[in-house]
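Paired with subunit B in one complex and with subunit C in the other, subunit A is shared by the two complexes that follow.
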Partner chain A sequence: MAEDESSLAEFEQVDFLKDRHVRFFQRCLQVLPERYSSLETSRLTIVFFALSGLDVLNALDVVDKPSLIEWIYSLQVLPTEDQSNLGRCGFRGSSHLGVPYNPSKGPGFPHPYDSGHVAMTYTGLACLIILGDDLGRVNKEACLAGLKALQLEDGSFYAVPEGSENDMRFVYCAACICYMLSDWSGMDIQRAVQYIRNSMSYDNGIGQGAGLESHGGSTFCAIATLCLMGKLQETLSERELNRIRRWCILRQQSGFHGRPNKPVDTCYSFWVGATLQLLDVFQYSNFEKNRNYILSTQDRLVGGFAKWPDSHPDALHAYFGICGLSLIGEPGLRRVHPALNVSERAFEHLQQLHRTWREACT
Partner chain B sequence: MIIIDVYQTPHTRKTLNCKPLKSHHFRDRKEWADIEPVPQDDGPSPVVKIAYSEKFTDVYNYFRAVLKNDEKSERAFSLTAEAIELNAANYTVWHYRRVLLQALHKDLREEMKYITAIIEDQPKNYQVWHHRRMVVEWLNDPSEELDFIADILSQDAKNYHAWQHRQWVIQAYNLWDGELEYVEQLLEEDVRNNSAWNQRHFVISHTTGYSEPAVLDREVQYTIEQVRKAPHNESAWNYLKGILQDRGISAYTGLLEQVQELQKANSSPYLMAFLVDIYEDMLESGGTSQEDTLNKVIELCELLAREKDTIRREYWRYVACSLQNKFGTSRGATRRFQQIQSC
Partner chain C sequence: MQFSIYIIAECNMKLMTRDDKSLLYNVGGKEGVLDEEVLLLTQQLLSSNPDFATLWNYRREILLHLETVRSEDEIQRLYEEELSFLEACLKVNPKSYGSWHHRGWVSTRLPRPDWARELSLCERCLSLDDRNFHCWDYRRMVVRVSGVPVDQELQFTDRLIGSNFSNYSSWHYRSTLLPLLHPGSPEAASPQREPPTSSLLKEYELVQNAFFTDPNDQSAWFYYRWLLGRGVCVCVCVCVCVWGFSTNSEVILRCGYRNALYYKSLTHLHKICDLPPGTISDTSNEHNLTVHWTERHTHRDCALYTGRSESWCRDSATDLELFRSELSVEKSSVLQSELQSCTQLLELEPQNKWCLLTIILLMRALDPLGYEKETLAYFQTLKEVDSMRTSYYSDLCSKFMIENTILKMEYAEVRVFSLCEKNLSTLCHLDQLLLVTHINLSSNQLLGLPPQFAMLQCLEVLQADDNAIENLEGVYHLSKLEEVSLRNNNITQLSDLKILTTCPRLARLDLRGNPITQIANIQSQLAELLPSITELLL
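So, the complex of A and B:
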């Protein structure tokens, strides 16, 4: 549809402050004040938001890639000499346990409570890929053994082998891990698919688990998981897909919200936007209203984005705000792979890596 | 919603106003002199480093030490409370606290009080809700849960953690009695509470089910009454569609007429979308006057696109195109040409 001049002018008034966001992510990678202490065990996810954010902003050149790669590898929980901890392997979120620094050179340090966390293994691998690493120091068998230990009978996953809550977030993390390692032996796919089907709500959205309220975040996790598995069409009929499309497209109010009758929030421009993209109907959403909302949550002073206008920005909303803009084709941003949640550039590096692995096997 | 714990409103801890005269750091306490504190080690180039105070560092250096030694003692148990106060999102501290609760045979009812206080202060913390579930399971006593969760919901009626815990306890301990009444009370307070509508479906589908005509009719009439009162309410329309769609929404006698009647008094884009769905179901079911129905639904999509739900303009036109492609005949298409040129 042709745009008339007045709506084009509206577009241009809300400007995207790219340099501010680059500096915002750079600052995230440095030092955070103590009031952010609740993020200690998930610091690696903050690194992911910053690195992937810089990647989408085409600004990865500002980071010291080699030392970041070393730090990330120091978070890998490796098998101990006697291999008794295989079911606990993966990546940690940070050094919070006080295990001695070891950038994955030599065996793991025995510790009664050291284990990986599924979201940190996912973001750790993603960060390495984004930084151009070849995953050469990743102990794939150990990561997959650690992953297997986390899956429950109902198909969902714990975050850690000691036990935790289980829901769709960790199903998605598990799928990303298998996808990046190009090895689905780390999970029972059929059970995971069953868990997804069981989480479909009467209102055609998808909840965190059976019976739970449908939600934009869990809907993304479910659909993206099926796409990564290559099982979207096999699992959901065209009628079911149309119903999910309808649920998702109704989330747009200006920006997007995550549940009916809740306020909009910048991050859902990605969670719901990417889901709509995976379902081939994102083009039918209203780009202008979406963009205007995301930019209304931009912090013009310190950079980054917040969930709402006039609120404090954080790394998560900065990242997903930028990804939300990337989905609508904002100039100057790299495209984002809507299922794997990394830039297309990073995705292509991963594909090349997979080709190398296949060739090595022949 | 919350990704792990990075939904990042930094937690403001409520601390005491008095300042101690001398340091109460663990490193200065005689009774801890046998322990060598364990620092964090981020190597030469730390990333996203958090600048902890001396006090914070001290508490966690000692926590890391007892953890590594797997020490099972009262002092270790007290230490977990201090560590939790500083960072209630550290799942390893919570896990270790559970190990100690069992090893030291601690009073679990006291623990429930502790947990209650923390959830009241931090109702969106994943770890404390999981901890509560574990302790309820150990006690095998859910008797406080429904009242407790109701209190949390009275402060935030859509707290996803609260609803998740509520569904778990009801299902694990068969506490279905009275829940439908609770849901209705919440819907009276806010008919747009989507979590409450979801809970309504949860309760009924796990008790009577929707197959019984008496139940289905009651639910349909209840929902229609709610949309009459508040027409612009997606949750109610989603519920109505949800309980009928597997049987075919056009199969429910008199529904189309009831909705068309509603449309005269108080329309809404949700009502119109519901009509689209009825018509689509009629087309799916085959039968007479397909062309007439197709004309109606395409007109409705165009009205939604042009006037009533313009933010979804492109989507409603896509729906019209899809219906045309699926159910249209070449003769009919010529007459609808103006409306769906872009297909």
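So, the complex of A and C:
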């Protein structure tokens, strides 16, 4: 990781400051600055960025795992005594609604507005896996019932049962949930696959929905979903895959951007990089330019990464910057599973869990 | 209970915890809770956190309730205030999913919607950020619901594009509008292609103006490529086979097909039917069969000759124009004139990668063999100009070399396929090599023979010297294969060769210059593994 002292003076500083990033994520888990208050309802996703980031940095030992596990379980929307809220179960983003604290011991508290959010259920489960939990207190049937209630006719998903926008992001969240719980009964796979096909755009990228502009983020969500389902080759012909590969590989300008004619942004080094990896062509991208861009957005004082150089770092870009570096094989980082977006170590723990569940059935 | 995570926030959080209990706990038919006062409270919260989905939903519930107890004028006023509130939210965060979604909902509830106002909001938003897809999506919805005619929207994109060619989102929008005005020919209804309409030609002109003005702007090039390729990919029967085999007393004639365009499985053909006994008589020398694929309006003929136990009939890659169907719609005269325009541009901008890529595409569409030399030269320039993607272009170039070799083979009507020294890093289009008997892949950079290689069912001789092959998984069940030459490759152990046991006719094997030759006793081990081999070179 350390460069020659002499060359450092001449070139831009391109060393990866691991310790700063560890401290950055630690701070994310303790106190967030005021400007994050608008993300209160999605606080669990920030926890995911920090935990998964620390995992990839090989530094999870700085975290108080039991406390965090308790807190995450307190976010689960559990079935009430009379089971009337099954279609609203899942995980919340934080305690903002004021429901009494309950680390998933006993039935849920009846509240007319309490419901899970698909992205929080996804990140909640992912965090538990990363922390080594066995998902023992997750009410799987309830989570899957809550997920089923979110799918629309066209195959896409709402975020919450009362309704919201619906697009590819939530299709991906749904797929991750089913994958982690090893149970695809939570969604109509055929319809979801159809939604993905319908979202392919004229320029061969994939948009958030039918007729919408191709976007690196939604392309990742679509391809990763198909991979998690095991249906990539079945859904897309070789010609179509080649076209998607072409669209994706042309996203690299130095780092990657998410759409043509937009500036590059650190997080796309993961969104597009992981897509290229899943499509077996990541090795054709230029690693050096990618790495140089990501590191140019590194905050040398505070740690973390920003979307652009000389901007403020944030948890999301810090996490995806590190994942982007992991994809190109930066030393000292764990490998990231490109479809599930957790470390390979966490992924193996999940596999082990699945084996245990299977054995328990037989 | 100690939370490990907490947030320092402003008064909005205090507002929530103070009033939240009364607001959200007591809802449900209770008087005074679904009223404007609550709207005001939730407004303050949503101003700082527009992505609080629950609160937007709560607002919708309140508004729906008020619809039942207020007059139409009051409802109109209520929703107009909602729109003003939303504009303020969008000023702060023009990319909030929650705000746009709510606005979309409000627009459908207004007793007297003002679509002109909505369209003008979109214009203002887009003038600040022409790539804001939330705004584009909202505009599309407004257009759809209010029934704005498609050609009017097309004019809108004309204006935007005219003022700023570099507007990817406008081109994208145009791509969704055009097919509404000019639907393509119904899927495979007829093999004939529509002649280019004048509006399509005007479209070409528009795009050309764009990339002549700013050749470095990707948006026009992507749109252009799409325009050129607006053809329908027709599914065809690639290969029909009739073969006979006897079981005890009967001779069974079976007919099958393989559709290589969607080829997924390895070796088996899809069986169509067994021919009824007595179909093939001994008196006739030739029997002609036709397979009709009614869904796709296509058919394939096959002839079975006496004395032959099997017969294959397939379309050549030339007939199918398989490699050209990227740009299938246009007559070659149109493509030719497009090629001229691009070549002109290249003279002015010799380093422009988009121009190079498009020229290569057009050349391959028009005459892949005729333009082979130029295409290779352009590829070389492309690799220098866009050095970030050098390995991607090498891969692409390998594919084109293979395509050209396939075309040459068919023109010469031979079944010998030679790809020596073509810098190949990868193999593809193996489904086009079903009839090949001799293949030469020597002096390339291949690492292995992939599973699809097993499609070469007629293969008799395989030469693949001077590569880096370690993996032979595609040399599987090749029942006619007699000779394999793998000099100077990377075969290291006996297990690498195990797959050759599936090729019963294999008689000659050349493994000189492979690491495996260093293993003690390898000669006798190989003799045991592959007893059919008569000539083994180590």
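Please note the rule applied: the second predicted complex is superposed on the first by the 349 of 362 C-alpha atoms of A that agree within 3 Å, B and C clash if a C-alpha of one lies under 4 Å from a C-alpha of the other, contacts with A are read in each partner's own complex, and residues count from 1 in each chain.
One rule holds for everything that comes next: a contact is a pair of C-beta atoms (placed from the backbone, for glycine too) under 8 Å apart; a residue touches a chain by one contact, two chains touch by 3 or more.
Given the structure is predicted, the values throughout are model-derived calculations rather than measurements.
In the superposition on chain A, A:237 contacts subunit C only, with no contact to subunit B.
Legend: residue contacts after superposition of the two complexes on their common chain; A:38 is shown touching both subunit B and subunit C.
By the touch criterion defined above, A:322 reaches neither subunit B nor subunit C. When the two complexes are overlaid on their common chain A, residue A:217 makes contact with subunit B while staying clear of subunit C.
Touched residues of subunit A, counted separately for subunit B and subunit C, are more numerous for B.
In the superposition on chain A, A:181 contacts neither subunit B nor subunit C. When the shared chain is aligned, no partner comes close enough to touch A:147: not subunit B, not subunit C.
Legend: residue contacts after superposition of the two complexes on their common chain; A:57 is shown touching neither subunit B nor subunit C.
When both complexes are overlaid on chain A, the residue A:336 reaches neither subunit B nor subunit C.
Contacts of subunit A with subunit B, set against its contacts with subunit C after fitting on chain A, overlap at residues 29-34, 36-43, 47, 64, 67-68, 70-71, 74, 95-98, 101, 111-113, 117, 159-160, 162-165, 201-203, 208, 211-215, 249-250, 252, 259-262, 281, 283-286, 289. Residues of subunit C that touch subunit A in their complex: 1-10, 12-13, 16-17, 20-21, 24-25, 27-28, 48-54, 56-58, 97-98, 100-101, 131, 133, 136-137, 140, 166, 168-169, 172, 175-176, 217-219, 222-223, 225-226, 233, 261-262, 264, 387-389, 391-392, 395.
Interface residues of subunit A facing subunit C in the complex, by the touch rule stated above, are 29-34, 36-43, 47, 64, 67-68, 70-71, 74, 95-98, 101, 111-113, 115, 117, 159-160, 162-165, 201-203, 208, 211-215, 233-234, 237, 239, 249-250, 252, 259-262, 281, 283-286, 289.
Subunit A makes touch with subunit B in their complex at residues 1, 28-43, 45-47, 49-50, 64, 67-68, 70-71, 74, 94-101, 103, 111-113, 117, 119, 159-160, 162-165, 169, 201-204, 207-209, 211-218, 243, 246, 249-250, 252-254, 258-262, 281, 283-286, 289, 312, 314-317. Residue ranges on subunit B touching subunit A, taken from their complex, read 1, 3-12, 38-53, 56, 60-61, 64-65, 67-68, 70, 86-92, 95-96, 126, 129-130, 134, 158, 160, 163-164, 167, 171, 192-195, 198, 201-202, 205-206, 233-235, 238-239, 241-243, 245, 273, 311-315, 317-318.
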